[in-house]
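Please find the structures below.
Each of the two complexes below includes subunit A, the first together with subunit B, the second together with subunit C.
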Partner chain A sequence: MALSDHFPALIVALLLFSAFLTPPVYRWTPRFSAPLTTFCLSAAFLMAILLTAEVSRSGPLLYHMGGWPPPYGIELKVDPLRSYALLVILGVSLWIFVYALKDLSHELRIYVIGWYYTLFAILVASMAAIALTNDLFNLFVLMEICTIAACGIISIKEDRECLEASFKYLILSAMGTGCYLLGVAMLYMATGYLNFDLLNGALTEAFSLYPRNIFTAAALFIVAFGTKSALFPLHVWLPDAHASAPSPSSAMLSGLVIKVFAIALFLIFYQVFPREILNAVPLTEIVLWLAAAGVMFGSIYAMLQADLKMMLAYSSIGQIGFIFLGLGLDQELAITGGLYHVMVHAITKAMLFMSAGVIIYTTGVRKIKDLAGIGRALPITMLAFTVGSASMIGLPGTGGLISKWYLALGALEAGRPLFVLVILASSLLNAVYYMPIIISAFMHQGEFEYKVRPVPNMMKIPLIIGALAVIITGLLSRPVIVMLQEAVASML
Partner chain B sequence: MEILQGIINNYYYMAAIILFVIGMHTMLTHANMIKKVIAMNIMDASVFLLFVAVGYRYGGQAPIIVEGADGVYANPLPGALILTGIVVAVSVTAYALSLIVKIYRFYGTCDYDEICELRSDE
Partner chain C sequence: MEDQIVRMTSRLVVPFIQVYGIYIIVHGHLSPGGGFSGGAIFGASLVLLALSFNLEAGMKQISHQTASVLESGSAIAFLLAGMAGVFFGGNYLANRAAGYPLGEAGALFSSGAVFVITLFLGIKVASTIATLFYNIIEGED
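Moving on to the complex of A and B:
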């Protein structure tokens, strides 16, 4: 076998390898550990690009861990949807990592930075593996790794808010994984398989024999993934966790971690459950209404916040609602829009948290009302913030418009015009809380009241890249949309 | 009646589910953080019990194949999976407890309600 056949496993293995290598390297020669992690992340990203090219050329790819075929072995699968998720995860985390290099030395004590790199690499590895795995139990283990690493990059700051927030996050996540494992047990009881494809085949027959088991499992999965990706009534852990964490962690958590679980739920709904189960119970209908409530309430709560990062965190609850809205409408265009929003929101929200990080780094200001006049002090940062806000609102020329456009088209196609109104209303609410910040930042008459340190280039460049990426996702969305549409059409 | 009969025949599943609900309820309603962690473990253990029960066969032997012996074996796969699950649960517990230690150093209490009061006093 050629090396390229092992790419699915190598992506994860390389990142885990770098995770275990960084702490000793950091101890002996601190300046090598950051380049080491950057190198591993870039190599993983490169492998993901090659994998995507391979998949689009010759169709889905299966990889058996250790050469053991299913049902006993663990199977990894790369299909267009998963390779898209992989690209988003690895690309965005590489970008956030470059930003983190500078910001961390300001937010963390110097001797834990090596450990932060470890947690970061484990988190990325587990997320990439969640996107790749084709096995329910493997997914459980990876979800737990992801949760611990995600809590780790919050609690590493070790102040009160961070510790409390990560404990809350850990407990609610543990409830989620408990529910998930119970659901897996139900499915295993009914079919005897854990592999996605084998389950898909066996569930049709099992559904007529043990419908109760399978309904329970489906309900438990919604609770489990809803908790982990902050679907509306289960979002209570998110604001504290995302707002108190160091800025690179916030970008990571809000940008990627919650979305990975949304994608996992999506994979389970469309690759594990056969169509007749989704038709027999209104699973997608439940998700749809929860998502619509999340879209509205997330935005309303965000309007009430005084703290910039808290506002961004609540805005994430609204935006994750859009992704679930696509899943809930259960219609090709809407799902495409929802999945496109995964990428758009990952880039946009990560960039917004980065700009918040730059503001905190250079001025120490966190309150929204203190930001008046900051546009002249930090022009590039606030321009990036403006571009990000525009994408959140869904103004033309940004990625936000494209995903909302497809969601709205899907809602019309499915005959649910009410949800077009929800999308529009939420865009309006987004404008209500993002625009005042921008207006007061640029139009304020007086001088900015706080002392401003210069912005390091290592923080400025990722912001510029992010702003460009937001605009590119808005202008050149065609190839990704086509790829997603094909992937979704093959699954429906 | 049919459902009742089914429950009586599969009482071990029922026991696992009752444990699960106890764990979940305690975890979400008790203010004491240590109790939350204990409840988390009860919840995990209940799922592990359910999983292992799924793999058992009436009259089955331990799944070790010996020359000449034939008959029914218990399914070894759930056992192997649960071993992994236990490792995961232990690591989550260890992490949760270490967080509690750190929180205790700040507030001098493990009770969430008391912490909220202390924070509102500031």
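Moving on to the complex of A and C:
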């Protein structure tokens, strides 16, 4: 076998390798640890690109860990949807890491920075593996790793708020994982399989024998992944955790971690559950209404916030609602829109948190009302913030428009025009809390009242790349949309 | 704390605990147990020493620095043991296909890669327990 056949396992192994190598390297030669992690993240990203090319050329790829075939061993799978998720995860985390290199020395104590790199690499490895795995129990283990690493990159700041927020996150996530494990046990009891494909085959028959077990499992999965990805009534942990964490962690958590679990729920709903189970009870209908409520309430809560990062965190609750709206509408175009929003929101929200990080780094300001006139002091940062806000609102030329467009088309196609109104109303609400910041930043009459440090290039360049990426996702969406439509068509 | 009885007892018991831990690690493929449980037992013996004597006595067995190097090193060794499959044929974490000798079924050395991996896992868990304990005792730094 050529080396490229092993890429699914090697991506995860390489990231873990970098994670475990960092502590000794940081102890003796600290200056090598950042290049090491950057190199491993880039190599993993490169492997993901090659994998995507391979999958689009010759169809889904299966990889058996240790050479053990499915009912016994763990299977990794790369299909178009998973390779898309892999690209988003690895690309965005590499970009965030470059930004983090400069920001961390400001927010963390010097001796924990090496540990931060370790946690970051473990987090990325677990997210990549969640996108790859084709085994329910393996998914459980990876969810645990992901949660612990995510709590780690919040609580590493070691102030009171971070510790409290990450403890809350840990407990609620543990409830989520508990629900998931119970659901897996139910499915295992009914079928005797843990592999996605084998379960898919066996569930049709098991459904007629043990319908209650399988419904309970589905309900538990909605609660589990809803908690993990902050679907509306289960979002309570998110604002504190995302707002108090160091800015690169906020970007990681809001940009990627919550979405990975949304993608996992997509995979379970469309690759594990056969169609008749989804049709037998209104599972997607429940998700739909929760998502619609989340879209509205996330925006309303965000309007009430005085703290910039807190506002961005609440906005994430609204935006994750859009992703679940795609799942809830259960219609090809809507799912495409929801999945496209995974990428758009990952880039946009990460960039918004980065600009918030730059603002905190250079001026120390966190309150929204203190931002008046900051546009002249930090032009590039606020320009990036403007582009990001435009994408959040869904203005033409940005990625936000494309995903909302497909969601709205899907809602019409499914005969649910009410949800077009929800999407429109939420976009207006987004405008209500994003626009005043931009207007007062650029149009304020007086001078900016705080002292401003110069913005380091290592922070400026990622912001510029992010702003460009948001515009590119808006203007050149075709290839990705085509890829997603094929992926969705093969799942439905 | 200066307690002759506790010190004497733990001095007597610690070698037995450690041998038992190693036994559980190497017999992981034959009997219940394995890398995690054996490593936890071994790590507990280090914690017991540090508790019944003092931190310095525990550190003399395995220093904080050695423990953290062992921790990273054994995890890396685990990953590299899996890589053998990629280089010598078979898949990642492959056993027989990667050329690990399997030996006779039921004998002590009869599990190929599993034995190697369990050993590293044991070292990893034992050193992690020691590092965790030292970190808690030492507090801030």
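Criterion: the second predicted complex is superposed on the first by the 492 of 492 C-alpha atoms of A that agree within 3 Å, B and C clash if a C-alpha of one lies under 4 Å from a C-alpha of the other, contacts with A are read in each partner's own complex, and residues count from 1 in each chain.
Keep in mind that, in the parts below, contacts are C-beta pairs under 8 Å (C-beta built on N, C-alpha and C of every residue); 3 or more make two chains touch, one makes a residue touch a chain.
These numbers were taken from a predicted model, which means no experiment stands behind them.
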{"item": "Subunit B versus subunit C as contact partner of A:Tyr111, first or second or both or neither", "value": "second"}
{"item": "Contact breadth on subunit A, by residue count: subunit C or subunit B", "value": "B"}
{"item": "Touched partner set for A:Pro60, first subunit B, second subunit C, both or neither", "value": "neither"}
{"item": "Which superposed partner A:Phe20 touches (first subunit B, second subunit C, both, neither)", "value": "second"}
{"item": "Partner chain(s) touched by A:Arg160 [first = subunit B, second = subunit C, both, neither]", "value": "first"}
{"item": "Shared subunit A surface residues [contacts with subunit B and with subunit C]", "value": "none"}
{"item": "Interface residues, subunit A side, partner subunit C - complex", "value": "1, 3, 6, 9-10, 13, 16-17, 20-24, 27, 63-67, 111"}
{"item": "Touch list for subunit B against partner subunit A, complex", "value": "20, 23-24, 27-28, 33, 36-37, 40, 43-44, 47, 50-51, 54, 77-78, 81, 84-85, 88, 91-92, 95-96, 99-100, 102-103, 106-107, 115"}
{"item": "Subunit A residues touching subunit B - in the complex, by the definition given at the top", "value": "72, 137, 140-141, 144, 147-148, 151-152, 155, 158, 160, 163-164, 166-167, 170-171, 174-175, 178, 181-182, 185, 188-189, 194"}
{"item": "Subunit C to subunit A touching residues, read off their complex", "value": "65, 68-69, 71-73, 75-76, 79, 82-83, 85-86, 89-95, 97, 141"}
